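Each structure below appears as structure tokens.
One chain, chain A, appears in both complexes that follow, with chain B as partner in the first and chain C in the second.
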Partner chain A sequence: MDTSINAYNIHYKILNEKIKILIREGYEEITVQGVCGQRYIGGGLQSKKVKIILYGVPGNDLAVFMDGPEIVVMGNAQDGVGNTMNSGRIVIHGNAGDIVGHSMRGGEIFVKGDVGYRVGIHMKEYRDMYPVMVIGGSARNFLGEYMAGGMIILLGMTERKYVGNYIGTGMHGGVIYIRESLLRSASLGKEVNIFMADTSDMDKIRPYLRRFASYYGFTENKVLKGQFYKIIPITSRPYGKIYTY
Partner chain B sequence: MEYQQLKFFEKNNRIPGGCGVAGIVNVKGNLFSGENIITSICTMNERGNGLGAGYAGYGIYPEFKDNWCFHIMYDDIRAKEIVEDFLEDGFDIVNEEPIPVHRVKTLQYIPLLYRYFIDIKRDKNSQELYDQQEYILSTIMKINKNFDGAYVFSSGKNMGIFKGVGEPEEIGDFYRISDYKGYIWTAHNRFPTNTVGWWGGAHPFGILDWSVVHNGEISSYGINRRYLENAGYYCTLFTDTEVITYLFDLLYRRHQLDFNIIGNILSSPFWEMIDREEKEKMEFLKALRIIYAPALLNGPFAIIVANSDTVIGLNDRIKLRPLVSAERGDFVYLASEESAIRCVCKLPENVWMPEAGEPVVVQIKRV
Partner chain C sequence: MAKAKNITEFIIERDERRCIKCQACVRVCASDVHSYDDESQELLSDNSRCVGCHFCEDICPTGALTIKRNPSATKDNAHWTRDYIYRIVKQSTTGGILLTGMGNDKQYKNYFEHMVLNAAQVTNPSIDPLREPMELRTFIGRRPDRIRYEKIKENKYILKESISNLLHLEIPVMFSAMSFGSISLNACKSLAKAAFLSGTYWNTGEGGMHRNLYPYAERAIVQIASGRFGVNTEYLERAAAVEIKIGQGAKPGIGGHLPGEKVSEEISLTRMIPEGTDAISPAPHHDIYSIEDLRQLIFAIKEVTSYKKPVGVKIAAVHNVAPIASGIVRAGADFVTIDGIRGGTGAAPLVIRDNVGIPIELAVAVVDQRLRDEGIRNQASIIAAGGFKTSADIVKAIALGADVVYIGSAALIALGCHLCQKCYTGKCNWGIATQDSYLTKRLNPDIGAERLCNLLKAWALEIKEMLGGMGINAIESLRGNREQLRGIDLTETELKLLGIKYAGEAW
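What follows is the complex of A and B.
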């Protein structure tokens, strides 16, 4: 069952309550028109079958604590997308703001365009929980700051030429893949090392890139071409010496 | 007035929150109603907690455009009498009236709010414009510092700041912001974290025709404040944002630096980044950091600063607070969140996040 509601001039509490009621009533695809800044959409939702399609600009902390649903944003998103998200998928047909995937624990985030500062901060993995973020454009400074697990892929397919500085500052787990064209010598943080991606790396990221291509209508060739680099932490305890007592 | 004595002291428990800022500019200098800025800032209600909101409008007093306009808040009628006596000594008061307001029942405490359109008295008027501005500046410093219970919160020409303790909607309604027409509007939604929520501490802050709205906190407040005192600026309003206002006046009007250099001073690049620059630029940036070390703003901030000709958006150097800008036709928009722009401009031609530490400078080009 699918349905459509309008969020124009509705406070986030009411909107989110409405969405919950519709899910409880058995709707599996909910389209929300006229979204403008409402926070926490999809927050804490636990159904695996639900798909929410948003038109407009959803507010901060989209899909916070979300566990299962798929959210599609037909526009830009603001800060804190997928904050502490557990599972599910977010597909953004535009740009996203700062701290995308903040403390993300599982699930997938796809962004067609660029993202802001500190994206993937505190992302983590545990056993079969493995968060993945694919960004079509570039990212600003502090990508993967304090990252502890999961995977971020940066494709550099927008006008933004370079990735920001201090990539992986404080990073101690997980992996970041970046297309060669985005990198500059000054880009890396102190706690990471960079390697050329090999065949096994490409095998790992290929399925995600194929899906990325299909969501946004790119050819697979465009998404997969060129050399990728892999950024991983030098040590799993970068600040071990600082915090000993 | 002492900090402890503030009547409307809000027992603050340091909830980490984020203020909201918004600005709308017509770059050709055409006037438009304040209605849109209210809509814009109210989209971000979650960023404030009802302990402060305010608006600044430019071009709103065309009938008195050549007079200095003081907005003054008084705790009581006694303070008003003392300040008015003082003003009459140095100024011809062209017009004096209570600031027109709507009754808003939900506002709890309201000080006496008056505005004065004034001219500097003739014998002092022979001085240059530069001195006029200095004269106005010292007058405001005198009132704010020496007269208990009186605060000048707006002091430019053909512009005005309106602020108080309340939600942006209440304060906008109270001051009848939609009745004014301006070519620049900025607004603020406050969530006080480290300092008290009182009428004088709401944003925007202003001196001469400057206005500043700020989201964040200035950890270097103490250093900045001492530096400014040497230059004759006294901080009397118990809020860190005050130093930003005076720094802009000092660096732009007195030191005549351009806004990109001011950006390099307030939000200077890290030493590590300076070392990577080419020699000439490296030495220039080094010199700025050394000469203007006490003017560096430390801590997270996103600010929108305006004067009669310019609007500037600026972030701290590592982008710890959000700021988004957009353009459509003759309009430029700035806000903490994209939604605050989209609600008044559905299809901007261009939406972008300014780089950390690099000012967005919007010049008014009157036709």
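What follows is the complex of A and C.
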């Protein structure tokens, strides 16, 4: 069952309540028109079958604590997309703001365009939960800060030429893949090392890149071409030696 | 060269006439102080390893052991005390930050000990709590600005105001946040069960909720801190209330750090991180850099929990505490927890614990006053924390303006803690601050809960006695009732900040 609601001029509390009621009534695909800055859309939703399509610009904390649903944004998104998200998928047909995927424990986030500062901060993984973020464009400073698990892929397919500085500051788990062209002026955080991605790395990211291509209508060739680099932490215990017992 | 890494703080005296060489001390000590020499058939003690936890002394069946302070003295020096000399020796050996556990042990002025309570004499009668009803029931959460009601017919009214859900306590004392990881599961269970039985609340700390604690979830306040460990929708929904942890009295402005070797299978399950990895809680929340951002997280939690649960914010008592608390209330918090400079910890840098923050007495007084001045005191409850060690402190804190008090160290002392301040080593002989199953099984959660219930019961009786003496029959009437307090040995500034008169001044 699918349905549509109009978010024009309504408060987030009412909009989110409406979405929850529709899900309880059994709707599995909900289209929301005229989204304009409403916060917490998809927040805490737990149904695995639900798909929410948003037209407009959702506000901060899109899909905060979300556990299961798929959210498609036909536009840009603001800060805190997928904050502490457990599982599910977010597909953004535009740019997204700061701290995308903050403390995300599982699920997937796809962004067609660029993202802001401190994206993927404190992302973590746990057992079969492995968060993945694919960004079509570039990211500002402190990508993957404090990152503890999961994977971030940066494709550099927008106008913005370079990735920001201090990648992986405080990183102690997980992996970041970046296309070579973005890296010319990049400075890494002091807690990470960089390697050329090998065949096994490409095998690992290829399925996600194929999906990325299909969501946004790119050819696989365009998404996969060129050399990728892998950034991983030097140690899983960056601050293990600063204390005396 | 100075090279000592282990400073001999204590000397173990063994009374050879009493010692029956049962070797119980050898078996129990997690610090490996005692040993038995087969050849000479002698029991030996390595004093340098002793942390002064008194477990062997307590367990020795013949009372043969006495732990004494090491009398070895450096030349008397008011400035360079032995403690500071050995800190430098230790740091010049290792190059590391000194760690410590539990609360500040420095001699900062204890304002509770400079405030005296009132009692009713002649002009108003005191109340005997043994024979008259005395109410300690307390509620935590937002109160409406006004009560609107509608008269339906004669003697029939309906409430028009929406009242938010409140926490309901039978005694204005709760157990403060201590995570599974910083303390053992048996210690968590003791606290949770005691809170459940005594009609109060316990707090998960930042570390998720272990599945064995689910039966006590309706009496749990769950914490969400910067690492977001163990936080998901179920965690938030399971609890009675949610507390956003910004700061802690023992380490204001500092993050947490559970080293990988302590992340066992059970802790990994609860925190939802892989086994053996460091659990780093950064100093700030990455999504909170302002009061507006805090409001965003408060309402994210309210949205996810359908506005059914109180959401509070815990901060350390710092210089600007009153305006910060005002901002927190305006951001939509239903309660504000303030943790003073004497608040405890499982691990903190020594210099931070001992030097950062302000005493809880002053913080509670200025926060309560500020919220009253701004006309928003009804919007949130104030929870005071940080070194409460007697029921009198609780009564005084409530008279200064707190609604409820959190106890942490006092609760652990009820479970056996002797404040050796070595929680961070994970070798707690009392089975509290450790995950070693050989040690944790020493703490029976049923007996632990019983001891905590006893403590709360005893304090409740004492609080009632003090209230009755003042001629007050409900704790509600004491809140912010500063006329019941008088200061002794306090300066003008201190009296002004505490909002109390000097002893001898009448109403």
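By our rule, the second predicted complex is superposed on the first by the 240 of 245 C-alpha atoms of A that agree within 3 Å, B and C clash if a C-alpha of one lies under 4 Å from a C-alpha of the other, contacts with A are read in each partner's own complex, and residues count from 1 in each chain.
In the analysis below, a residue touches a chain if its C-beta (ideal position, glycine included) is under 8 Å from a C-beta of that chain, and two chains touch if they have at least 3 such contacts.
The structure displayed is predicted, hence computed values, not measured ones.
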Now for A:126: first (chain B), second (chain C), both, or neither, which partner does it touch? second
What is the contact status of A:93 with respect to chain B (first) and chain C (second): first, second, both, or neither? neither
Looking only at chain A, is it chain B or chain C that touches more of its residues? C
Name the contact category of A:39: first (chain B only), second (chain C only), both, or neither. both
With both complexes superposed on chain A, which partner does A:60 reach: first (chain B), second (chain C), both or neither? both
Kindly classify A:230 by the partners it touches after superposition: chain B alone (first), chain C alone (second), both, or neither? neither
Looking at the overlay, what does A:140 touch: chain B (first), chain C (second), both, or neither? first
The intersection of the chain A residues contacting chain B with those contacting chain C is 12, 39, 60, 79, 118
Show me the residue ranges of chain A that touch chain C in the complex, using the header's touch definition. 12-13, 16, 39-40, 43-44, 46, 60-61, 64-65, 67, 79-80, 83-84, 86, 99, 102-103, 105, 118, 121-122, 124-127, 129, 145-146, 148-149, 170, 172-173, 236-245
Interface with chain A, chain C side, in the complex: residues 90-91, 93-99, 226-228, 231-233, 236, 257, 259-260, 268, 272-274, 277-278, 280, 282, 286-287, 296, 299-300, 303-305, 349, 424-425
Chain A - residues contacting chain B, complex: 12, 36-37, 39, 56-57, 59-60, 76, 78-79, 95, 97-98, 116-118, 140-142, 165, 186
Flag every residue of chain B that touches chain A in the complex, lowest number first. 43-44, 46, 273, 276, 318-319, 322, 324, 337-340, 342-343, 351, 353, 355-356
